[in-house]
Structure formats: C-alpha cells, structure tokens
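A, B, C and D are the chain letters, set down in written order, and residue numbers restart from 1 in every chain.
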Amino acid sequence: MIKKESGDKGKSLIFTLLAALISSCLLLLFFSESFFDSFVLFFINPLANRYYLGNMIAFMAPLIVAGLGISFAFESHNFNLGGEGQIYAGSLAAVLVAIAMKEQSAALIWLASFTAAAAAGGALGALSGFLKRRLAVDELISSFLVSSIVVLVVDFCITGPFQDPLSNFQATRAIPPAAALPKILPPSSLSTGIFAALLAMVLGKFILARTRFGFELRLCGANKDFARYAGIDEGLYALVPMLISGALHGVAGALMIFGSYGRLLRGFSSGVGWSAIAVALIARNNPLALLPAAAFYAYLDAGSKSVMMGAGASQEIVGSIQAVIFLFITATRLPFFKAQTSFLRTMLKSKTGTKKSRWRSQ
Amino acid sequence: MLRRFMAFFSALFIALPLIAAPLKIGVFIPGQREGSPIYDSLAAGAEQFVAENPGSSLRLFEAGFNQAEWQEKLTSFVSSGRFDVVLTSNPSIPDLIEAIAPLFPTQKFICLDGFKAGIPNLHTVLYNQTEQGYIAGYLAGLISSSDLPGANAQKKAGMVIGQHYPVMDTLIAPGFEQGLKAVDPSFSLDIRVLGNWYDATKASELAKSMITSGVDVILPICGSASQGVVKAAKDSNHYLVFFDSDEYSRAPGTILGCVALKQKELGYAKLNEFALKTTPWGSAQVVGVKEGYIELLDKHPSYIQSLPASIRDRMSELIARISSGTLSFPAPKL
Amino acid sequence: MTWLDTAGDILASALEAMTPLLLAAAGGLFTELAGMLNIALEGLMLTGAFFGFAAAAASGSLILGVLAGALASSAVAWAYGSATLRLKANAFITGLAANIFAPSITAILSAVWFGTRSVVALDIPEPARPLQAFFGSTSILGRIFFSHHSLVYLSWVLAAGAALLSNRSILGTRIRATGARAEAVAAAGFKPDSYKLAAIILSGFFCGIAGASLSLPLGAYVPAMSSGRGWIALVAIYLGNRRPGRTALACFIFALAESFSNFAQGQFGIPSEFILAIPFAATLIALSLGTSAKRV
Amino acid sequence: MKSVELEDIDKYFPSSGTWALIQARLVLIPGQIHAVVGENGAGKTTLMKILAGHERPDSGRILVQGNAVKFNSPADAARLGIGMVHQHFMTIPGLSAAQNILFGSEPRTAFGFLDKKGILCTAADCAARYGFSIDVTKKAESLSVGEQQQVEILRLLYKNCDILILDEPTSVLTDQEIHSLFSVLRQLKASGKTIVIISHKVGEIKKIADRLSVMKDGRCLGEFRASDISSHALSDLIMGDYESPRKKIKTTFPRQSYPILEIKNVSIHRQKRKSNTLRDITLSVNEKEIIGVCALANNGLKELEDLLAGRLKPDKGSVAYLGNPYPKLRKAPWLPGGIAYVPSDRIGRGSCTDRSVAENIVALDRDSFFPHGLLDSAKAQARTLKAIQVLGVKARPESKIRQLSGGNIQKMILGRELSEPPANFCLLCEPGWGLDYASLRRTYKRILEVRNKGSAILLLSSDIDEILELSDRIVVLHEGMIAGIVTNGPGITKAKLGAMMMGLGRSDGEPCAQPEKLND
C-alpha cells in the first residue's frame, strides 16, 4: 500500500532535490557527448527558451488538475490508479461534445465539453468507488483494470466510429478552432488553460482545508473507524472522492485537448495519469504544493526533451536521469540529512538543558 | 593591413555560400531508427548523401512512437535546427507540416510515405502500398496453394498487426487480400491485432493460434513484436512474407519473400533533387514498382532456394505486368 | 477439428502464457506479504529478460541464462529496495523509477553489447520439451500438460517453492510477520527493513526468471517485452488474496482469458480492442464475485 | 541473577520538543518485583524502553552486574536477559500463539524450514513449565487480551529473560485475569526472575510489588520498600500537590425519570463468534441515571458496546432511543447534546491519531463548527481549549494525537464527550483506562455532574471499582446473558459482583430489577 509520508516535510525536500540534481549531473557527465552542452540544455534551456518554457507550463496544467484528482483520492485513503483511462475517456467526451456543438459559442462549448469530460471521468472513478462500497473490491486494482479496459474502448472509438476520415493520424476530427483555448506563448502550446488549472488547485485546497465536505473526506481517509463513529457515511466517502478524482482527470484530459492538441489523438495522454500520481506524491497531497511539484515534473520533462533535441542524448540516458530523480524525490531520510538533525539535537540539548515540557513519552 | 584583412574575410563570408553551399539536412524520425527498417533506411539514404557531399551536415532526431508528441517535437526540431531541408517519412506527418508551415514559411520539408499537395514548402512522395500489399498477398496465395511441406490445403492466410491504422486498413490489408484472391478467390484473410508493437511473446501466441486454425502463411506488421511471429512460424514450419525491407536472414526458409520499399534510394534521390534545386515543391507523387521504389526482393538466395520455379516464374510475371502498367492500382489518395 | 481440440489448444497455450505471470506473481507475493506495494515487477521482469537472454547468448547455456536473469534482476531489486527503505522514500515513486530505469539500462547495454537498441535475436539453444517424449503430444491431455518447454515446468516448481518458502520457512515467516506487524518484529530484535529488503530481492529473483521465461523461449530480446505482465501479476496477487494457491489460480484465469482472446480474434467479428479487453474485464468480474462471496 | 542499575538517564524527544527523562535512576534487586509508578507522562515507559533496548538514552549509563553496557537494539538487551512486554501487545497476526512465543528462535528442520511440530511442543512445554494455561495452537488474532499477554510473557521466558518488564500489565485485564497474572508473577519471582511493573494503580502495586520507584516529570523521586510506604503516602507522592481524593459522591436513584434508552430482548448470534454473543438482553437507561454494566472478558461487554455504537445489528429484539429506533451515533441533530460515546478502543475508534487535537474535537460536532459548510476556526479553537481544560489534557490544540500519551488521549476523548451541553445519552466504555489517579477523580466527578444534569449514562467497564463508584444500578453480564441487575448500595460488594460475573448465581436478597416498566 502507499503509505502517506510522515515526518519533516519541507526540510528534507531541499536535500532530496539536491541529491537528485547531483546524481543527474553525474549521469550527464558520464553518458552525454558534451557535459556542458547537455547540462545547459537540460537545466537552463527549458527556462531560457520561450518555446520550451511555454510547453513546460502548458504541461503543468493537466498535471496539476489530475494531481489534484489524485490528492482527493489519496486524502480519503482511496487509491486511484485509473487516471490514464479517466483522462482518455474525459477527452473523448469533451471532443465529441465540442464537435457536436460546433455552431455554438466558445463559452457554451467549453461549459458543455468540460462538463462532459468531468462526467465521463467521474463515472469511471465512481464505478471503482461503487465496487468498493458495494462489493468491497479493492479500488486500487479495480481502477487500474477499468482504466485498462477504457483505454482499449476509447482506442476503438478513435480508430473506429470517430476516426477523422481525412487524417492519417489515428485521431478524431478536430474541435472547432474557435473553441480552442486562447494561446499565450505561440508557437508553444501554452494556453489560458493553466489559469483554469491554478483556479482548480486553489479551489481544491479550499475545499479540503476549509469545508465540511473536505474535513469529513480527510477524516475518513485518516481513520475509518473514527469517521464512522463520528457519524460520517464512509461508504459515501469511498464513492465521492473517487468520483471527484475521476472527474478531475477527465477535466485534465479536456484541458489538454482544448489547450494543446485540438483533437483526440490515439495514445495522446500516455503517461499523464502516472505522472499525476508522481506529482501528487511529491506534493504530499497538499493541493498548493501541486504547483511546485508539477513545475518540477514539467521542468524535468522539458529538460529531457530539450537535451534529446539539442545534444542528441538518447531516450535512455534521459530515462536514467528521470529514474534517479524519482528515486530520490520522495526520500524523507538521507544520510547527511540524518547527521544534520542529530547535530541540531545535540546543539539544542546543550542549550535547553533543563527545559521540562513533555507532551510525549509514556 | 588590418583593413585588408577584414576586407578579405568579409569577401570570404559573402562568397562562401555561393561556392560550397553545403546542405544542412535534418532527418525527423517519428519513431525509433533501430528496429524500424523504414526509418533506418531513410536515415541511411541521408547518410549516403552526406558522405558523397562533403561539407553537408546531418542531424537525426528520433521522436519516439507517441504520435501525439510529434507535433511538439517537430516544431522544436524545426525551430532549433535551421535546416535547409527537413526529410521525414510517415503518412501522418504532412498534416503536422501543414499546421506549422505558416510559422516557418522558408523551411523546406520533404516527406516520404505521405501524400499532401498544395503546401508550397512541402513535397511528398507516397508509396503505392496497395501494390505492395498485392504483391505480398499474391506471393502468400501462391505459397499457401503450393505443395511446399509447410503449406496446407486450407485457403487461409493471415496478418498479425500491431494496431489498426488508416494506411493499414485502406491500402495494405485490402491490397494483400486482393493479391490472395487473385490466386484463388476462395482465400480468406485472418487479421489479428496485437494491441502494441512490442509484446513478442503474445505475438507468438497469436501466430500459433492462427496456425492451429489453418493459416500457413503470415504477413507480420507488428514492429519489434514480429520476432514472436517469426519464432512461431519457424517452430511450426510454416511460412512468412515480409514487408518493407530485406528480412530473409532472420529466418531463412521460413521467410519466403520480402516486398521492400526502397526508402534509402528514394530519400537519397530526393536529397539530390533538392541539391539540384529541382524539387517540385507543393506537389505530391506516388511511386511504386514501375518507378523502382517498391521491389520484390527476388534475387536473394533464400528466395530462390526456398521457392519452386513455378512460383518464382509467376511472381516475375506479376512484377512484369505491374512494371509495364498492364496491371495497375489506382493511386491511393491519402 | 473438434471443439475439444480447440479447448485443448486454448488450455495448452494458457499454461504457456501463465509462466511469466506465475513467476512474477510468486515474486510479488513476497513483497505483498512484507506489506509493500511493489509496482517495480514490470521493470524487474524486463531486466531479467534482457540479462537472461544476454547470458544465454554469451554462454550458450539456458541454465546460465535463467540464473543471470534472476541475479541481475535481484541486483536491481536490491538497489530499488535499499533506496526505498534506507531513504524512506515512497515505494510507488521508487517503483516507477525502477520501471523507467530498466528499459533505459537495458537499451544502453544492448547498444554496447549487441550494437542495437532494438530487437536482439540470436541463436540460443531451444528450451527442451522434457515430457513430450514420455507422454506424447498427440492426445489432448498430452498436448495440454506435457507438450511445454522446460521453463513452464520450472515455473511450476518455483511457484511451489515460493509457496513453501513463504509458508514454511523461517525467512518466509519473518517476512510475513514484518508485513503483519513490523514493530513486533523489531521488538523481537530483528530489523523489519532487512526482511523487507529480503522480500524485495526475492521478488527480483522470481521476476528475473519470469523475464527470462519471456526472452529465452523466444530466442530474442525485444524492448518492452514484459508488456504490462508485472501489473497483471500484481492484480493476480490481489485476486488471490495474497495466498499462493489462489494467486496461482488467478494467474491461470488471466492466462486463460488471454489465450481465449487470442483464439477469439480469429473467430468472431468483434473489434480487436474489445477482445483485448477480455482479460481485464474477466479479472474485474472475478474480483467482484470473489470478494463479494468472501464478504457474506 | 543479575543486578541492574540505571544511572542519570536523560532522554529528549526532538519531534515533540520534550524532555522525557532527566537524570533518571533506578536500581533493580534480583528476584524481586519492582514497581515503577507515576502519573501519565512521568517517563516510566521511556525509562523502561531504554532498559529494554527500544530507545537509546541521550546520556547516562546502564549497569548490568556492575558493568556498563550499551543496548543498540532490543536484541542486545535480550542477550543480557532483559525483556519487555509492551502496553500494546506485539503479537503478530497470522502466526499461531506458539509461533509468536518462539518468534525469533524457532526450532527448524533442514534448509531453514520451520519445524511446525517442534514449535508446538516447545511452546506448550514452556507454557506448562511456568504454569500458563494457553492453547498454543490458536492463531494470534483469536487470542483474548489476557492470552495475548501470556504469549508476550512466555516469549520472554522462552528467551530465558530473567528480568521481565511489564508495561501497565493490568490495564487491559479483568479482575480475574489480574488475579491469575499476579499468581503467575509470584511464581516467576519464586523461580528467581526479576520483574518490573509499570503502573499507576496504587492498590495493585501494594499487593504485588516488593519495591517501588516513584517517577514524576521525568525524574525519579525515590525508591521504597513497598511495605514501608502507605497507599496514602504513595498517592500523595505520585500526585504531588494534588488535593486528597474526595469522599465518594452519594449516588441517588432518581424515582421519577424518563427512559432514554431501551434495549428489548436483544440477541446477537453470529456464527463466527460462538461464545461472545448477547442473549436476550433487556435493559433500560433512564435520565439522570448511571447504569454500570460489568462482565469478564468475552462475556458480551464488547458486543454490547458494538451494538450501541452501531457496529452490530441485533438479530432479535430492538433498541429504542427516546421511543424511536436507535439512531446512528451522532445522527440525532434535533436533540440537544445527542449521544456521547467514549469507546473502549481509544486509538482506533475514539480518535484519529494523524490529526490534531482540535480536529479530533471538531470532528464530532460538525454541524456547529461548519456553519454553511465552512469551518468556523475561531469557534473550533475556543471549544478545543475548553475541552482540553476540562480534564487537563497536556497538549496544544494543534498537537497531533499520536504525540500524546495514552492517558492524555483518553482525557481528550473524555473531555470531548463530557463537555457542555451534556449529551442525552452517554455510552462510556472503560472511561478510567490509562488515567492516573488525579485524572480519574476529575473524570468521575465530571461523569456524576453530567448525570446530575439529566443525562442517561450507560457505563461499560471491566473495572469493578469503577462500576461500584459510579453506578446507580449495576448490570452483570455472564456469557452474554444478564446475570443480575442490582441497585448499587452498601450491600453490594466486589466479591458479590465477582461471583455474579463468574456465573455463580445471582446476588442473594437483592431484587433483580427485571425489565423496567416503560413510562406510558
């Protein structure tokens, strides 16, 4: 099972980032043709080049929204591994609605499409929640299975009934051009969708932290017995967070469609569902931390694309760098970090030798 | 002195492009070079050109198999490289180029294996893959109907494909089926889908399942997973025909025919054409057997030794008919 | 061909398709019993497939191949496990790291050793079919049970061994105890983390052989050839409620669904995507029925 | 036999910023029963964890036989014969009792496989040798609390530990189990073992201990021979400046009262729990009344709690609350106060350890803290501070529950449940668990206050003293049936109740107040 991290959050993060950075530099040093070029391309270029920067920020939008979906699920102690399918299904729903409404105004299309995307993704999430509630099926597995099925079914829809007959891509027809979200940094794919994502993130934080719904949801996640005793219908909180999680994934898919792709391409979302889990875990399920986590993730992604494009580094080297960073990113204990705390402890002890406050012990 | 020096250099700078005009070639591979003969030969064609034209430079970029990423990657490739020409190959790439052509109006694109006319900085060349499929199908039909030890009486041939995609569904598979039915109208074609391009173990299972149902010749078009089909056919002593490149050596005696695309030659020719500034920009061509860019590899010893003369003769006759134009396939519009 | 023959063929191919699943599930069982989510099965299988094939190609010996696959995969598992445990990192993310790392390192080494990052097909010995000669392969039963190559039978033996190891051995007991109550194991003077690490290494060992069972019979290494089997194995463990016997049964159900869908593609005019979905749907249904039955 | 000394032990917990031990010292004399006493949070457990190798001291020395030793792990301590039974038992589910006892040094066959027969024999032998009567083939998850404790002790004995540390060994046991535990301990002492008991129950300590150390605020106040110090002096020492216990509050049985809760002919018979069912229970709790229900373990107390907590449904009979079907807990918003519930499982059911004290308190009254669905943090903060003060919880509102000691968690729960306005009906299960003497007095006082304000209280407890002290009427359960209902008064003694609990007939003379008449 995925265990929630405990212990010092922020402090260790800097060390883990540092460790990740150093080890990826070492890899570049060993494997790339020119260390300096690769380094610049990997770490500087994504920020310095408008095009990469735009794409990087554009990539953050679905990561934040889907990551928020993961956070909703994780906070209620539900595990949604079905993000891939939910994103895919949401995208299909959004595209179909947009195409059907092509005569309408953009605002109306957005409203209808995003609702459809949320409904499609949400329905899939809710299915796993329902199975958990009614039949005690582990949602971790069922969401994964449902997603695997849905990906195949959506593939069929794309290449079958909804294939754009004029395209050689395995893709649906395009959404009406007017309905695409306004671009910010052309030719990059950055669109106003990022603002929607940020809004969703803040709203998510507010709901989790300040509302009764969020409180009950987190309580169910932290201790089911206690939640039940507090009169909370925990069955509901197996269902609703999965529904929200799925819906947010659907919206993330729609954001990608309306922000970047303009149509549903087969396999376009591959990996975003998994990346969102990584982002949510890096953010330790804190919605506001999704922003830096997604930024970090997208930065890595942009860096690897940049170095592949510019220095001819192969997919494999970039893959190993990503692997190393993943290895470190959630570490809560590093050797030198440990040394540091024990040092602090001795310092503290010598200074506050006679302090007598005890809330622990026994 | 200094002034003279500077004058010399500036003269040199102005004159250089006129004298040498070395080409900067970018090759955009929507996939991975290794393991994809069609992309490998595209790159090889460009490499041959560069080798023969000193001073020219070549940048290869592999965009990976996720088609959704190609748009972004092609854009960055073009914007980062400032190439004289970008050579690429894939039926869906012209759509992408159409989308970004206005952003890079001076950038020239040559796209093989694709078809799109009317874009002033794009030239496309499409292989007539119905023809290619037909030849493979005709060969498969002849093998299946022959008295070779691995052939059975059932009129069944098969394809193991990675996924359905437009060129497959509208050109290759119908061409293959037409070829089969030209041998004997009672032939039936069994197409099975792997769902990806790399699960060789499952491809092997699929092929076995097909073979138990009576299929004796298979055309695998499933990327690296085709290794599984080769294995299954070899183990059960049945036959394969292959597409796109010379694959005989993978299983001599099992792989009885290869209908190749001469991608290397075509790429090389198109780059030469570009160097000579004779590229017909904005046009779309279709090439096939007649032009020499689709070829049944019938000189390979494996082909000659494995197949009886009767089959080889009928194949030569077919190729002759296509070359001469007696048998032709409508140029596919894609 | 009668329907009986067809059913026999489907069963026989299911038993063959079950081999990598069974081995990977046997490996994953240890980490599950130790209370860890091990999503790295996929990457570990791929590592085993590559190194198993490379060693078999270099030595010409299948046994060495299987061993090398198991060892290499154990080594990767050790690295992944110690990173997870020593750094107290999130097992899901480090698992993801292992799954990204495996295809990268195999491609890099493949380029160095075999000169290609793509399919490597070399002549390695065929795995023997040890029982075919004794029991014949003509009868239906013979085809179902005795026609397979040695790795299939090896997987049965190893799965039984894994069951024995997890239930009856000291190490297995410690691993289960760690999963059930790590602080009790610590209180008894043992290090729970070292048993978790042992479980991860064991999972690497079995997954390595699972990977070798993909590449060796094929006589080739194909990038990404594990193709989601690690996930399926994980599902099988859940379906089997972390019990060896039931997990093996779950693997069989999954393999059966897959070989049925392979057969069905040629028979019915259903779009292939739906047929490809059969194994997932079958598992989902089995999971729903299984757990609801348990609940009563 | 070994002598053990702890010298000047300091221990600081950086995570909570507290000094658990300051210059703590302790001397153990071989072959004696030594009690470490003190109120909640005095550092008793931490000191003993250091002795058993579970924690490392920041400074100070541990001397065994006069030699300074360093324990890096419990295994190091075990090698020198020191072992500890924790307050929360460490039995491992999935393994048999025998495997639990022998865990870590099982007899094995070739190739590292378990010798299943050997394990059972060895464990059974070990149990018999020390006079334990336990079925070692049982799975750990099906053992009763007392049996789990036996497993824990046997585990140490099997490892030849001669210094046994027991952390609050009686807190989870019924009187009968305590009795048998003490006889086992005396037997162990006779065989030369040194035993350390951590406790805050003065009465028990006086009964069993030879020597005792008193701890307060992380320091050792001194060591005494048990016979040298009176209970009174001892509790003064433990409590420090706390006022001496008040006289028992007179309990009165209110004549005219309205039944709040009525349980009618309830039976629960589930196949899985053959012995632990309820059979034909009829009981009513009136306003301004405390009904104490006592029973030995596995005699239906747990099921009664689960029934009223909504975790079990009656197979027969019904439960009515104010004349209506019994609502889900916390789902009676139309009533002031509603239902309060102090569960016996304070960590699982009574609190959420990953959340703050404030969140734990807010959790149960979301209607008033989330007006319009949004958190009213000022109100929540104020209410939390109040609830903390009621019973003196040593924590800040933002402290995580898991940083609190067991006693403080219990106080937090009690403070939350017994706050103003009092609930219509209170279900209090083992309210005295883990509380030190001062907190206990304060809690009892509060319970009676709540009663006097009109609440109906059902008190489920295995502590007969608690039952006797608080109840207006007492219900004794035996094997899931009501063995008797008596009105509390001078004639009711511990022995009498004990006899009823063990099924030795109903109390003589006392009229069994069978099903109360309903007010109609």
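Following the convention adopted for this analysis, a contact is a pair of C-beta atoms (placed from the backbone, for glycine too) under 8 Å apart; a residue touches a chain by one contact, two chains touch by 3 or more.
The structure presented is a predicted model; accordingly, all values stated were derived computationally and were not measured.
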- Note, CA centroid farthest from chain B's centroid sits on chain D
- Separation of the C-alpha centres, chain A versus chain B, in whole Å, is 38
- Message: As a quick test, compute the distance in whole Å between the mean CA positions of chain B and chain D.
- Response: 77
- Query: For chain C and chain D, what's the span in angstrom between their mean Cα positions?
  - Reply: 47
- Message: What's the distance between the Cα centroids of chain A and chain D, rounded to whole Å?
- Response: 44
- Task: Specify, in ascending order, the residues of chain B that touch 2 or more different other chains.
- Result: 32, 164, 195
- Return the residues of chain D touching two or more other chains; collapse runs of consecutive numbers into ranges. none
- Item | Touching two or more other chains - residues of chain A | 152, 155, 315
- Query: Can you name every pair of chains that touch?
  - Reply: A-B, A-C, A-D, B-C, C-D
- Task: Would you tell me which residues of chain C are touching chain A in their complex?
- Result: 35, 37, 80, 83, 86-94, 96-98, 100-101, 103-105, 107-108, 111, 117, 231, 234-235, 238-239, 271, 273-274, 276-277, 280-281, 283-284, 287-288, 291-292, 294-295
- Flag every residue of chain B that touches chain A in the complex, lowest number first. 32, 59-62, 64, 66-68, 71-73, 75-77, 79-80, 90-92, 94-95, 100, 103, 114, 163-167, 195, 334
- Contact set on chain A toward chain B in their complex: 51-52, 55, 152, 155, 159, 163, 167-170, 187, 189, 260-261, 265-270, 305-306, 308-310, 312, 315
- Task: Please give the residue numbers of chain C that touch chain D in the complex, ascending.
- Result: 164, 168-171, 173, 176-177, 180-181, 183-191
- Touching chain B in the complex: which residues of chain C? 1, 9, 13, 16-17, 20, 116-119, 121, 214, 217-220, 222-225, 227, 258-259, 262-263, 265-266, 272-273, 276
